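Below is one structure, written out as C-alpha cells; comments come after it.
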Amino acid sequence: MAKTVVLQRKPLSLSERTYLPQIVTGLKTTFSNMFKGKVTLQYPEEKPNIPKNYRGIPTLVKDPNGREKCVSCQLCEFVCPPKAIRITPGAVPESEDDREHVEKAPQEFEINMLRCIYCGYCQEVCPEEAIYLQDEYSLSGYSRDEMINKKEKLYELGGTLPDQHYKWDKKKNAEDEGNDH
Amino acid sequence: MNTVDLLFYFFATLSVGGGLLMVISRHPVSAAMFMIISLVSVAALFVLLESFFLAILQVLVYAGAVMVLFLFIIMLLDVGPEGGKVSRVKMLSGLASCLSVGILVILLLQFSGIGDASLSNWKAIQSTESVTGDSLVFSTSLKNFGYGLFTKYMLPLQVAGFLLLAAMVGVIVLSKKSTPDLDA
Amino acid sequence: MFDFEMLFMIGLKVLFALLMIGAVMTMAGYSVLAERKVSAWMQGRVGPNRTVLPLVGYVPFAGKFLKGMGMFQPLADGLKFLFKEEIIPGHVNKFYYNLAPIVALVPALTTMTVLPFGEFFADNGESFPLMLANLEVGILFILAVSSLGVYGIVLAGWSSNSKYPFLGGIRSSAQMISYELAMGLSLLPIFLWVSEPGTGAMGLSLVDIVDSQKQSPWLLLVQPLSALIFLIALFAETNRLPFDMPESETDLVGGFHTEYGGFKFGIFFVAEYAHIVVGSAIFTIVFLGGWHFMPWMSDPWPATWIGSLIGVGWFLAKTIFLIFFFIWIRWTLPRFRYDQVMNLGWTKLLPLALINLIFYVCLVTWLDQPPA
Amino acid sequence: MESVTPQHFLVLAFLLFGVGFLGVVLRRNLLLVLMSLELMLNGVNVALVSFSRTSLNLDGSLFVFFIMTVAATEVAVGLALLVALFKKRQSVFSEDISLLKN
C-alpha cells in the first residue's frame, strides 16, 4: 500500500508574501528574452529544413535513365485508404526500345490531393519504387481541378531519383544472356 | 445674451431635462445615463459659479462613484424595464406633486425678481490667499476651502467621517453572507 | 457681443487641443505597435515587419529599417478598421451600442487637458508650464474625468445584450470602484509632502508637483510605497494585465467588446491605449520628476527654447519607458482571478494605502514642527 | 454685464428639486427613487453654491461638501439595503414590499 505523505509547506516569508521579488525576477526573465535570438522563420521567404524521410506530396519518379518507372500495377490505387489515386492502365508503345519487357505503363495517373491523407501507403506498396512522398508540402490551387495532380504534374514534381535495382534492365540483360529467369 | 448666459441656459436645460428624462424613462440603465448627464451639467453650473473644486468633486463623487455603483447594482440585479401600469394612487400623487411644483415655480418667478438688473451684478471674488478667523470668504482657492473645513467646520467634518465609518460598517453587515451560527 | 480677443484665445486653445489629441492618438497608435513588437521580442518572434508605404520603403537604408520595425503598421491597422464593414448584431441595444465607444474614448482624451508636458522659458528667465489648462485641482480633474471612462465599458457590456460582454461590464464597474479608492489615497501623501507650509505649492496642481522635484529627489524615491500603490491601481484602472478583467480573452472571449467590430472596435482599442499613455504621463509627472533631468541634479540644458524642447523630449522618454513597462508587465505576469482582484484591492491595497497615509501624516507633522 | 442673476440659479435649483421630488413620488422602482433623491440633493447643492457665490461666503460651499458626503453614504447604504431586499423578495419595486397590506 502506498502511504500518503502530507508535505508541510514552509510558510512564506514576508518578502515572499508581497510577491515583489518574484515579480522582479519574472521581469528580468522576460527582459533577457528580448535579446535572445528569434526562433521564428520568415516563412514564404525562408523555408524550414525538411528532413530526408519527410512525407510530403506523393509524386511519380523516373529512373536515372529518364524512363517511367510505374508499370500501372494499380496496387497503390487499391491500397490508398481515401481512394485518392486513379490509374488508367495502358500499354508501353512498341517503339520505345529501352523499355522492353515492361508491358504496361499508366496512360493516365491522377492523385486527388483533396483526398490524399499523406499516409505513404502508396510508396510502401509500390513494387517498382515509382511513387515517392517527397519534401514538397505546400500545395495550393484556385479550383478543385487544380488540386488533382495529373501524370505530367506528378512527374514534374517527382523528377528522377537514383535507382538501386534497375530491375527491368537486369531482366533484359538476363534474357539477352539466355537466362529466362 | 453673452457667453456665460448661453452656457447657463445650455447646462440648465441639460440638467433639468436630464432629470426629467430620468424620471420618465422606462429602463433603469437609460435612467442612470440621463442622471449622469444631469449630474455632469450640474457640475458645469458649479464651474459657472466659480467653485471649481465642488464641480470636480461633483463629477468625482456622483458621476465617478455613485452612478457607477448604481449601474453595478442595476446590472447585478438585472433589473429590467418597469412593466405594468402606474397605480392610481401614484398617478394622483404624481399629479399633485406636479401641480405643487408648478405653483411654486410660478410663485418663485413672480417674487424672486428675475431679470432685475440690480441683482445681476456678481461681486468679484477677492483673491485672499491667507485666511484667518471665522469669516470665511468665498474664493476659488482650495486652501480656503481646507481652512474652512478644519477650523469652523471641524466638528461636522469629524461627524461626517464617523458617518462614513458607520455607513461602511453597516454596508458590510448588510451585504455579508449570513453564517448559520450568527442567525441562530 | 463676442469678444474677438477671447474668440482668438479660444481658437488658439482649440488648436493646441487638436495638436495634443493628435499627439496622444499617435502615441496610442504606436503603443499598439510597441505592444506587438515588444511582445514579439519577448517571445522570440519578429513581430510586424511587412507593411510598407510605396515610396518610403525604397529609401536605401532607412526604408528597410522602418519596414523591419513595422513603422507603417499602425497606418495599415487604422485603415483596416476604417474600411471594414460595420456589423451591428441584431440583438444589441443600438443607441447605447453606438454610444459606448465614444463614451470610452472621450474621457481618455479629456484628461490630457491638464497634463503639463514641459516648460517654456520666457526671455526674462521666467518659466511657464506647457499645458492646456493649469488647474489648481489638476489631479482631481484627472481622477474625476478618467473615472468616467468606465461608462464606455459598462455601456458596451450592457448594450451588447450577450453574456460575456455583460460579465465584462459588471467586472469592470466593480474593479473601477475598488481601485479608485486606493489610487486617491496613494496620492494624498504626495500632496501632503509637496504642499507643506512654506514651500509655496498650493493645492493639487500637477505643475507644483513637478516643480517640487526640481533639483531634489523624485517622489518615487521619497515615497516608494505610494508609487507602488499608485502603479498597481493604475494598472487596474487602465484594465491592463494582470488586471484586465473586463476583456480577459481566456474566460470572456473578448469581454466588453466581444460584439464589436470594425471602426467601433478600433475606437475601444485606441481608447485603451490612450488611457495607458495618459496614465504613464501622470505617473511620470507625479513620481518621476516630469521634465526634470535626474534626481538631485539641476537640468543640464539651457533655459531657452532648446532647453524646453529637450525637456519635453525627456518627459516623453520617461513616458515611453513607462508604456514599455506596462507592456513588459503584461508579458510577465499572468491574469488574476476576479476574486483575487477584489481581494487585492480591498484587503491589501486599501489598508496599505491608509497606513501609508497615516505614516506620512505623522512624518510631515513631525518635520513641520517649529523648532522648540 | 451678465443677465443671469442668482435668481436664475434659484429657479433652476428648485426645478431640479421638483423633478427629483416627482421621481420619488411617481416611480415604483426603488433604484430610481434613490436616484431621484440624489437629484433633489443636487438641487439643494445648486442653491447653496449660488447663495455662497452671491454673498461671497464660503459656508454654503462647505455645506455642499457635507451634503455630498451624506449623499454618497446614503447611496451606499441604500443600495446595500436594496440588494438585501432583492435577495429576500426578488423585486426592487416599492409595491412588492408592502408587508402590512396583505
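As written, the chains take the letters A, B, C and D, and residue 1 is the first residue of each chain.
The criterion applied here is as follows: a residue touches a chain if its C-beta (ideal position, glycine included) is under 8 Å from a C-beta of that chain, and two chains touch if they have at least 3 such contacts.
All values derive from a computational prediction rather than experimental measurement.
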Taking each chain's C-alpha mean as its centre, the one farthest from chain C: A
Using the average of all C-alpha atoms in each chain as its centre, how far is it in Å between chain B and chain D? 6
On a C-alpha centroid basis, what's the spacing between chain B and chain C, in Å? 29
Centre distance in Å when chain A and chain B are each reduced to the mean of their C-alpha atoms: 75
Based only on mean CA positions, could you tell me how far chain A sits from chain C in angstrom? 53
The positions of chain B in contact with two or more other chains are 2, 57, 65, 69, 76
Residue numbers in chain D touching two or more further chains are none
Contacts with 2+ other chains: residues of chain A: none
Which two-chain combinations qualify as touching? A-C, B-C, B-D
Per the touch rule above, chain C residues touching chain A in the complex are 38, 41-46, 328-329, 331-333
Provide the residue numbers of chain B that touch chain D in the complex, in ascending order. 1-2, 4-5, 8, 12, 15-16, 19-20, 22-23, 28, 31-32, 35, 38-39, 42, 45-46, 49-51, 54, 57-58, 61-62, 65-66, 69-70, 73-74, 76-77, 79, 82, 86-87, 90, 93-94, 97-98, 101, 104-105, 108-109, 112-117, 119-123, 125-126, 136-139, 144-145, 148-149, 152-153, 156-157, 160, 163-164, 167-168, 170-171, 174-175
Under the definition above, what is the set of chain A residues touching chain C in their complex? 23, 26-27, 29-31, 33-34, 36-40, 42
Chain B-facing residues of chain C, complex: 1-2, 6, 96, 135-137, 140-141, 143-145, 147-148, 150-151, 154-155, 157-158, 166, 169-170, 173-174, 176-177, 180, 202-204
Chain B contact footprint on chain D (complex, rising order): 1-12, 14-16, 18-23, 25-29, 31-32, 34-36, 38-39, 42, 45-46, 49-50, 52-59, 61-62, 64-66, 68-73, 75-77, 79-84, 86, 92-93, 95
